[in-house]
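Each in structure tokens, the structures are laid out below.
First subunit A sits with subunit B, and in the next complex the same chain sits with subunit C.
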Partner chain A sequence: MDIKKALKDFWYGKPHTAEEGGRRLGDLHEDKTHLYKHREWRGFKDTMYYFYMIWLYNYIFMVKDVMVMGGLVNFAKGVWRYRWVGQTYLPVLHWFDRGLEGMRGEAMKASAWHYRAMVSTTIRQFQRMFAADTRLHGGKQNDLYKHTIAHNETVWGGVFYPWDGEIQNVPLEMIPYFVTCHVNSHTVLNYIDAVQSIGLPGDPCPMCQAESGIFVLDDVPDYAPAVVTCNEACDASVSTSTLQDWFFDKPLFSLPMPMIFDDPLVKKYCMREIEELWKFVEQQYGIPFSWEKLVKKLEQQNELQRFEWEKWEVAGKSDYYPINGVAQALYRIYQTQYGDWEIWHVTDKKVRKILEKCVSKKINSFPQTRHRVIAWSCAPLYYSNWCTWAYNCWGLNVIINMDSLMFDMTIRTDSYEHTLEDMAQYHMWAPMRRMAVGGMRHMFELWEYMEKFNCDMVAMYDQLQCKGVQGLHGLFEDEFRDRNIHAFWVPHALPDSRTVSRAEIRRLINDYMTTVMHEEPLDPSLLDFDDSMTW
Partner chain B sequence: MRDLKHLIYFENLLQEANNDLVKQAKADGKRAIGYTCYFMPEVLLDLPGCFSVRLRAPRCTSPDIATYYMSARVCHYARSLMERALEGGFNFLDAQMATETCTATCRFQEHLEQKHIDSVKDMRIIDNDDFFCSFSDVPFKNNQIAYEHFAEQLRVHVLDELNKHFGIDVSDEAIRQAVEQHNEVCRLINEIGDYRKLDNPTITGYEFHVIQLVSLVCPKYLILPYLRETAEELKTREPDLKKEFRCKVVLAGSENDDPDFTKLVESCGARVVCDRYCYGAVESRQPIELKEGEDPVFTIAKHYLVTSNCPRFMPQDEMRARKQRIAELAKEYHADGVIIASNKFCEYWSYERVIDTVILKRDFGLPVCSIEKEYINSASGQLRTRFQAFVESVEIKQIQEGK
Partner chain C sequence: MCKFGKFLLKFLGIALVLNIGLFCAFFFDLDGKLLFNVVEPFLKDHYDNMERKDTLKTPYDIHKFPKYDYDS
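Take a look at the complex of A and B:
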């Protein structure tokens, strides 16, 4: 036994690559369930940090947050009543493990803080749902119910800023569907099956199917007197609202957004519709619009955006960016879609410290990077951590992704007109709208961002049931060829892991890396494994 | 019944987008303006100097190249149009007045558009130097804001463009003239269609489908004489003594420009008495009422939003009114049941069909046959079985009710 090497491995963790002896991350897991045989040894310092500051810290806060934000009784009732929370609360730390596997040092720390923020915001939302839910309170419409507004998860939370502190907006599907299928991919399948059982074909967007299925199974808390729906991102979203209205039967405001939004006339229209929404909220809740609150919240949101730009600057121009692909994508889409909230600022403060340390000390958190990858279009929700695997296995470092880039703007607050104009723009640049289902020219902003982030490869998500992206499939193929760009397609069906399994996604990437790129894996133990039963 | 004099001629006109009447109008020096969706007001494309052609891709069963560009998981209608365009079948078009009203047709039309940007190549699918494509935004709602917005879109993206590129007269006077012509087409189609309300209709659903389609794809001024003659002919047409059908149905649903589909339904014992689907007459053949002193563009914009029953409308009252509308049509046309057909991969109608299937039966007591179909109806054996079973079930219901 090489004592010196053993001590080195103990202190620093095993090296990444097979040539150096290799940490063989694929051997850590049980077959099928992908549960740990034993936890990953990341070296002494990082293992201790992971245990205390990630694993234990987050477990403690998952209890504390529940107690502070609505109480244990409401939580217990909610777990008993709603399948999605019961099935996803305990695997949360497994979700951390999947996304942070193999991460070391600053990358592990910064990425974990992003996860922590998402967990906290999730708890806050479902606890509000449960605390206001008439179903958990004997049919009673309590004060929280009267001060909560429900909306499609694709409605930007910022449109409710004028009522900050008085009306709490809680998206209908963000927790029951969107967050849960990241944490436990099995939960959502039940909802997809439910809506198909009443006759819906299998081909519409599975995200919308799942969002409808929650209603079919009556698995949505009744926590607000009014609802705001939206046609974002696609035709199926419009139709989902129709189905939701049928089940929900509450006063409803539909907030439209155009597909092709480069027309100033369209922006004007959108501005007027946002004002109509504000009138609707005033009418339904009897609470006046507050310009001061709107400005205050927007300025706070702008602060978040400005830090994001700083992060992008580091990501694009150096190797010192300490956030992995999955943390970057999920945190950013959560933050921008939900809108300003205190936890984002707390997190950004911590991440800024790490970022500044990485830049000043020239710490490369992803030293085995072989290709700088940009991920484009909509990601597989059941395998958002594919990029963690891709880095560990192949050295494919996902620097940035489409979801992070959509809301690439701050909002002016110097006048009502400017604010409204920018809010309309922000609303129209909603997730998936701008660069997936929206106008063709925005889909092809890819090249511009590729250059900006200094990427040499594209991971092209191929959401099989997204008509907007499928409708441009051939043009992308043509452009990749004409521009001589290395691109691999990642087929998937958003939340539905049955259509294209995680193993199939890995196989396709493996094939590309061996047959097209002629490269050898960094960690061969990750090439092929069975995780079909994992969360 | 005696055959309609022009039926075969009409059928022939539907075999190609660039049919004889289109060629004749082009030879007359008129500009051919394509469109796909009801929301693009055809009346504005029928201004003096140009004519509208609602795009179809008849007999396109294998859109291979389009499938490369748009994948196999996009609506067959959009892919068929793309294939036909790639084949050169739409080269006669001088412009495409596009709408983003559904994702699939929007993507098809974006392929036609010459964008002149660095990030993506222009395919120049339409081999015509004059050709251009202009997109209009269509609101999802029926309110004053939406009417004003849509009117502005039509002014800027349709009328101004037609004037700029082809010098088309877009004055109020010219618009009124086009509306007059449009209303005559509507009057004739409605007159012809009203025979379907008779106890023993003197026109079949198939015949009406063909007539309605030619009114959409041919230059109005050239098809009008034939429509007039057909309307006249129908005044004296005698029905068969013995009814050739066992029940009457409303055919509702998504895009349908395939008269053979209607023929298939009717061959199974049903008579299609009402056509509430895209390309049908229920929406598109309602006359436009222009009042003195009113802005005609605003009136037209409002007309097309108000008359549409598209599942694309999002407000609560609209979503609920659509079911009511189908039930009212069933009553008005004395239908015994409703067939709801959605094209595969049509997201709007996939959902709408599910809800209609439940609501129409539960709240209005209407028997419903719910089917999913392709653009070109190739699975006729399976569909035939479904329709036959539906007709039988309606008959059994009638027997049980003592009718």
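Take a look at the complex of A and C:
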């Protein structure tokens, strides 16, 4: 036994690559369940940081969040009543593990703070649902119920800023559906199957299916007197809204998301729709619109956007960006979609310190980067951490992704007209809309962003059940060839892990890296493993 | 040894044992094993056997709420 090497590995952790002795991350897991035989030893300092400041810290603060935001009794009732919370959110620390595997130093710290913010916001939302839920309170419509509004998860939370502090907006599907897929991919399958069991064919977008299935299985808390729906990014979701209207059975306002949104006349129409929504909220809740509150919240949101631009500057122009692909993607989409909230500012402050440290001390948090990757189109929700695997296995460093770039704007607050115009723009650049099904011009914004972020490779997502994107597969292939861009495809069915398994996604990337790029893996233990039963 | 010293030693001893115990739970993924093998199957069984309302029997009364009028 080489004592010197053992001591070095104890203090610094084993080196990444096979040539240097290798940490062999694939060997840490049990077959199929992918549970750890033991968690990763990242070196003394990083292991202690992970233990105290990520694992223990988050367990403690999750309990604290639950107690402060609605209480343990409401939480326990909610867990007992709703599958999506009980089955999904208890193993949340393993969501951290999957996203942060192999990360060291500043990358581990900065990415973990992003996860912490998402956990806190998730708890806040489901605790509000449970605290207001008539089903958990003997049918009583309490004060919280009367001051909560439900809305589709792709309706930007910012449209409710004028009632900040008086009406709390809680998306219908963000927590029961969207976040569950990332944390525990098993839960959502119940809802997809439920909606198909009432006759819906299996080929529409599984996101719409799952969102409807939650209602079919009667698994939606009754937490608000009114609801705002929309057609999400595509018109398949119109039927989701219809089912929601049927099963939720509440006064409903439908806020359309125009398909062709570059037309100034469409923007005018959209501005008017937002104003109509405000009128609807005033009528339903009897609380007047507040311009001052709207401006205050928008300014705060703009502050978040300005920091994001600083982050992008570092990501695009240096190797010192300390946030990994999955943390970047999920935090950003969560923040921009849900809208301004205190936790984002707290997190950004912490991340800014880490970012500044990385820049000033020239710390490269991803030293094994072989390719700087931009991920385009919509990601597989059940395998959002594929980019962590791709870095560990192949040195593919996902610098930025499409979901982070959709809301690349601040909102003017100098006049009512400007504000409304920008809000309409923001609303129309909805998730999956602007760059996934928003027309050729926007889909091909890829080339500009690729240059801006100094990327040399594209991870092209292919949502197999998205009819909007399917037709463009060939066009992208042609462009990749013409522009001599290395690109690999990641087929998936958004939340449904049964259509294209995680193992299949890894196999396709492995094939590309060996047959096209002729490269050797950094960590061969990650090439092929069975995680078919994992969360 | 003074009373405070004894208390301090006891406190440090408990803290040390607690830290070692928690670290073992962390390092050997005991939380994951418990959640995967015990908690989740138990809860799934509970959810699978819950009585649920047949939502399809909810009448779809689209005229239940007053018609919404747009400003012209």
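Quick note on the criterion: the second predicted complex is superposed on the first by the 535 of 535 C-alpha atoms of A that agree within 3 Å, B and C clash if a C-alpha of one lies under 4 Å from a C-alpha of the other, contacts with A are read in each partner's own complex, and residues count from 1 in each chain.
The definition used in the following text is that a contact is a pair of C-beta atoms (placed from the backbone, for glycine too) under 8 Å apart; a residue touches a chain by one contact, two chains touch by 3 or more.
Note that the structure is a prediction, hence the values are computed from the model and not measured.
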item	value
Superposition on subunit A - do subunit B and subunit C clash or fit	fit
Which partner reaches more residues of subunit A (counting touched residues only), subunit B or subunit C	B
Partner chain in contact with A:91 - subunit B first, subunit C second, else both or neither	second
Centroid geometry (CA): angle subunit B/subunit A/subunit C, rounded to a multiple of 10 degrees	120
Touched partner set for A:204, first subunit B, second subunit C, both or neither	first
Subunit B versus subunit C as contact partner of A:140, first or second or both or neither	neither
First, second, both or neither for A:4, with subunit B first and subunit C second	neither
Touching partner for A:246 - first (subunit B), second (subunit C), both, neither	both
Partner chain in contact with A:56 - subunit B first, subunit C second, else both or neither	second
Subunit B versus subunit C as contact partner of A:80, first or second or both or neither	second
A:518 touches, of subunit B and subunit C: first, second, both or neither?	neither
Contacts of A:361 with subunit B and subunit C, given as first, second, both or neither	neither
CA minimum distance (subunit B, subunit C), superposed complexes, angstrom	5
Overlapping contact positions on subunit A, where the subunit C interface meets the subunit B interface	198, 245-246, 251-252, 276
In the complex with subunit A, residue positions of subunit B that touch it	68-71, 73-75, 78, 100, 102-104, 106-108, 110-111, 113, 115, 117, 119-121, 135, 137, 139-141, 143, 145-146, 149, 152-153, 156-157, 311-312, 314-316, 319-320, 344-345, 347-348, 350-355, 357-359, 370, 372
Subunit B contact footprint on subunit A (complex, rising order)	198-201, 203-205, 208, 212, 229, 231, 234-236, 238-243, 245-246, 251-252, 254, 256, 258-260, 263, 265-266, 268-269, 272-273, 276, 437, 439-441, 443-448, 464-465, 467-468, 470-475, 477-479, 482
Subunit A to subunit C touching residues, read off their complex	33, 35-39, 51, 55-56, 79-80, 83, 86-87, 90-91, 93-94, 97, 190, 198, 215-219, 245-247, 249-253, 275-276, 279-280, 535
Of all residues in subunit C, those that touch subunit A in their complex	22-23, 26-29, 31-33, 35-36, 39-40, 43-44, 46-47, 52-53, 55-56, 58, 60-62, 64-65, 68, 70-71
